[in-house]
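In what comes next, chain A is part of two complexes: it sits with chain B in the first one and with chain C in the second one.
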Partner chain A sequence: MSDKRAKDRLDGPRDPDLLERITDRNPSRLGVGRAGSRPRTDTLLEFRADHGIARDAVLTNVDEGFIEETGLVKIGTLIEDTEEYLARPDRGREISAETAEYLREHCEEGPEVQLVVADGLSSSAVEANVPDLLPILLDGLADRDLRVGTPVFVEYGRVDVMDAIGEELDADCCVILIGERPGLASAESLSAYLVYGPERGGPTAKKSVISNIHQGGLPPVEAGAQLVDLIAEMCERERSGIDLREDDREFVTD
Partner chain B sequence: MSEHRLTSVGIDVGTTTTQVVVSELEVREPAGAGKLEIVSREIRYRGTIHETPLSGPETVDIDAVARIVEDELAAARVEPSGIETGAVIVTGETARKDNAEALVHRIASEGGEFVAAAAGPALEAVLAGQGSGAATRAKERGEIVANADVGGGTTNVALFDADGVRDTRCLDVGGRLVRFDSEGAITGVSEAIRGLADDLGVDLEPGTEPSTEDLDRLAGAMADCVIDAITGPPFSDRTASLAIGSLPTDPIEVDGVAFTGGVGRLVHGDPTDPFEYADLGPTLAAAIRERAAELPLLDLDETIRATVVGAGTRTTELSGRTVEVDESLLPLRNLPAMGVGDLPEEDLETRLEGVIGEATERYGPDEPVVLAIDDVGPLTYDRLTRVAAAIDTVWTADGGGRPLLVLTRQNCAKALGQALRRRSDGRPLAVIDEVGVADGEYLDIGRPLDGGETVPVVVKTLAF
Partner chain C sequence: MATISRREGEFDSLRALLAKANERKTGDELAGIAADSDAERVAAKKALSRVTLRELRENPVVPYQEDEVTRVIQDAVREPIYERIKEWSVAELREFLVDSSTTDREIRAIREGLTSEMIAAVAKLMSNMDLALVSSRMTITARCNTTIGEPGTLSFRLQPNDPADDVENVLDSTREGLSYGTGDAVIGINPVVDSAENTAAILEATHGFIEEWAVPTQNCCLSHVTTQMEAIREGAPADMVFQSLAGTEAGNEEFGIDVSLLDEADELARRRCSSSGPNVWYFETGQGAELSGDAHEGVDQLTLESRCYGLAKRYDPFLLNTVVGFIGPEYLYDGRQVIRAGLEDVFMGKLHGIPMGIDACYTNHMEADQNDIETLAITLAAAGSNYFITVPMGDDVMLNYQSNSYHDAATLRELFGREPIEPFGEWLREMGITENGRLTERAGDPTVFA
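Here is the complex of A and B:
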């Protein structure tokens, strides 16, 4: 989006180089000028357009063809539609008994690593990043001789649905690639949340996260490679989240 | 890891003086940076200014320099084993002495595990401007700031803008090029200045006592070239004839000028006894001062110590946060960089073969080199797989003696590194990202900072 914004700069700045250095620093709406006390028409339209993109990312669904091509087993949560998804995060974390049954039928049970992809709050993030991230991740996990289960796609999923899936499939470790809540700078940002020993109701402190995955942030290929190392470390040390970084923290007693 | 401090040493063995500083670099991840950066630099110890010990006209007394360094580190209360990074730089005429190379390598290896050996007038110019504060001023104000480091043997000018170094201009002009005894009779003249003296009709016969007028004329002509080097291009023929390396061709207007170095310091000060240092320094400084009255002069933080402060605080860069390295390879020192530029879309092998062939020609077969890639192309799975396969093919055809050492500007070291490792059959490997290096520069790579993968990197020139 920032290249689109480039035209929308102050007219006749005294020091264009300086302005460019400031506006290049981050994708915020800097140096966009004003019309009286209001934003200029261009700026306002762009803001609306970006907002529209963010809303679309939340409100649209991941393309069926994409899920099939990627070879993911598709399931749902307890959620019926987008409205309910937004209103009831709790129902986005759970799967029905039938879905659990379906999972066990179609997926390998007891894997060392269970991979889950979920739309979360941005279906665009999934479509934009998963095609480059997933193959790097699968290559890397194969190099480490880790037994990877059947990758699953969850529609209307929240982060903690990974606990339900991991528990049902009896996975040692579960990883979910999920669309982040979109901002006005990027609607294509993905996160990976990881947990060792997934169980329903487990504390967030036991989860690890790598966020801001998109071409303008942490590139999806590099994120995939980082996840390989992190997953290998989790499996080796049999822990995740804060427990994994325990030795980094200094506790002062007495 | 949220915060880390690195103890860094800077050692400058110049034409006239040898100096040591010890500093502390604070490493942190600034909000939104996505990688660790050096966020502050504090000088912990400023050494005394020593005369560079010579054991003959063309040789530096390496043992004596080593003793100076040892004594200074003891005075600073740091053990060599506690020094984590830094640089030894030989500057000015010292860089041309017969044993300069042996000198830097010895001092670097004794200085601490990851202390780089560096030399070269362009690097010296940049370090002086970074040490003086000229670079920071240019960045903070968005101005063009020139730092003219006038030392005993050379004058090195660096121009900075808000983005960093704009260009450098280096001349064979310095205070020690003519040396006197206590009576004012000439004891030594450097080759570099003979042409100019002949041109001016100034007789510099050793043992004779030149007239004040002759010395003023000589120093005046040298000073003209210094000013010309700052305000050009265009440059006079005389400046061009004294230039070391090439001079830039695009004119730039400077907003501020700072003088550093032993002679540069005297430019800022009051006139002194012309023979105080038994050389041409004070006379040259006076001539520059006179001519610099028209320039926008700046009084910055460091003058005589600018280069050593730059060497101690500005040489270390940090890689991206995630890299792929065999730690057993580290630290790696004095690796020549082979610039690959942007990788082409097709025919990667042909380009890489060319680069490896060139490496063999320049440095010999099986000598380790770093493949420095500016742009690998789009960061997609297919592209990285393709690039890894091409590098592996070309390396294998090359005979397999060289470790796989790759540097990229884009954040993709771990992905490329894993893809390479898969193909490379156990060959030692290091892939590092978010560092830029140009063809022909050299690289030192240190061990990861604790608790992470970020490695310190020193990019430098070695002009031997």
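Here is the complex of A and C:
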């Protein structure tokens, strides 16, 4: 990231104070200077380092030990490796008949809330945020007297795999915590998608979303509290996504 | 199509044949229409090479009655020119284009007889070097406040996006970009918040800066076209209007547009844009957009991309660039597929007569890195792309993807001995940013504009 070090790389700016003000407030990589028409070596390597971190977040899987410690039941989708995962989103939305059977054997059926964790496009996002987020969700939902099923981890999952899992376990409401596509600024951003009445092929507009969950964005502890409120509302009003928001507008005009 | 099945047996429609004749792309595989093997891919190319332009005209990939993009393309064909070339095979069209004695003027002379399907078909038969050679031969200029695409020039969009739409940050990034000599194509901002108020604020700020420093260029705020129309009606200074396009009616519906809306925006832009020139549109496209909206109608992503240009042509744009690596690995998997698509897009756009540029870019879930898009930029500068996109150090912190850097603008000009658009180049010299075509001591310092 551009930081205090960056402006030292621009030799003899016309207005050093102004340059400092610019680089302090601007999130872009400004005031980095140049070597001829090319970037300075440090600037170049810093950029490559940030890209390396983002690539690792995409290409590495969530640690097995992490999944066990967190007490998640692990399943997979139809995807076999990272290469296929990136090229075939359709196969990352579906689970096999055997996996469905396994789910029903190992998880509580018919819960009010089914929680799912997926690596998505960033394993780092899961490992960085789920340890703080999950306990808050579980405690908060228990406080609201909502019956939460057995939390599941799905490897190589896309957002819509929540529909298949929710449908197989006959959940009223399904929530997936999934790693977002990493940017260079942060590889640890997580999103939560929520749906009431999960069904395969259901409209995208029925899903609610809270995104940008990470320490530098919406911190996981705060996100947990927001999610508990949203899930409770969804369960009470038996709707989600655009239906929930359109309803709000009616409520306001009343 | 009957003729194809009689001749080739295994390809049951021209649409299927076109799809299978593509170079390998994950998007066509995802759609389930790609060749099953390299052998089948080449067999399809061979079959396609013998198809005539007439067969392609008579069999648009989406029926005329069902799709207004097809109607726009078909109705724009200049019939006497088409009559003259309609019995050419696609192979003959390729050999005409690559022939060393074929001039830009001769290509112009057949252009209006071509449909987007014909242009897509010939691209499928061409190698990467074929595409670069023919693209470089075509000069396509357009004028907003300044004229882009003149021989010997190379232009850049300055893209000072900010994750909070903070106009001070946008202007500081603009200062930095200008100090590297980028921004002669446009100073164009993708806003986070798609509102008329925000669009107007960004337009006012950039317009004010351009006036204050007398920068010979143009501004644009890339919100939805309806949002820009609202801002323009309320008096916001937009030098041009922007919209993303798709190659099918259903795809455009996903984008919330249709031809009648674009016509209305066109009329408004011509009356109310703050620029002086006749070309007042900026379009962006990209292979895979239709499939991602489930609006591909069984057609391959290359042919659909070509149809975007057929639609764009109706509005004589100042700028059109493919955002080639933005859509993700499920459409273009890696650097190799992105480079191929970039070459195809610029070639197809220019053969339509469009002043093409390219956003040579990638996302972090693609098998690509900055080296791949630097290679793509070098390749497409050689191929005569009018312009490229530039962001600070190649990192767009709002859209979360990487493109060319402000530095790359200066390097590409240095590498190819190209100049900015004339009055912009003169302005850079007056500002002391360049001298004899190279950056001076003052360059790279945003505080020179304070």
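Going forward, the second predicted complex is superposed on the first by the 220 of 254 C-alpha atoms of A that agree within 3 Å, B and C clash if a C-alpha of one lies under 4 Å from a C-alpha of the other, contacts with A are read in each partner's own complex, and residues count from 1 in each chain.
Assume a residue touches a chain if its C-beta (ideal position, glycine included) is under 8 Å from a C-beta of that chain, and two chains touch if they have at least 3 such contacts.
Since the structure is predicted, the reported quantities are computational estimates derived from the model, not experimental observations.
Of the two partner chains placed by superposition, chain B and chain C are both touched by A:N26. Touch counts on chain A: comparing chain C and chain B, the chain ahead is C. Of the two partner chains, neither chain B nor chain C is touched by A:V209.
Once the two complexes are overlaid on the shared chain, A:D15 sits against chain B and chain C alike.
In the superposition on chain A, A:L138 contacts neither chain B nor chain C. In the superposition on chain A, A:E222 contacts chain B only, with no contact to chain C. Shared contact residues of chain A with chain B and chain C: 15, 18, 26.
Interface of chain A with chain B (complex): residues 15, 17-18, 21, 26, 131-132, 135-136, 139-140, 143, 212, 215, 217-222, 224-226, 228-229, 248.
Touching chain C in their complex are the following residues of chain A: 2, 10, 12-16, 18-19, 22, 25-34, 36-39, 43, 47-48, 50-51, 54-55, 57-58, 86-90, 121, 181-185, 187.
The residues of chain C lying in touch with chain A in their complex are 26, 29-30, 160, 162-163, 168-169, 172-173, 176, 180, 328-330, 333, 363-367, 369-370, 391-395, 397, 400-402, 405, 407, 410-411, 414, 438-439, 441-448, 450.
On the side of chain B, the complex with chain A involves touching residues 1, 32, 34, 142, 162-163, 322, 324, 379-381, 384, 410-415, 417-419, 421-422, 451.
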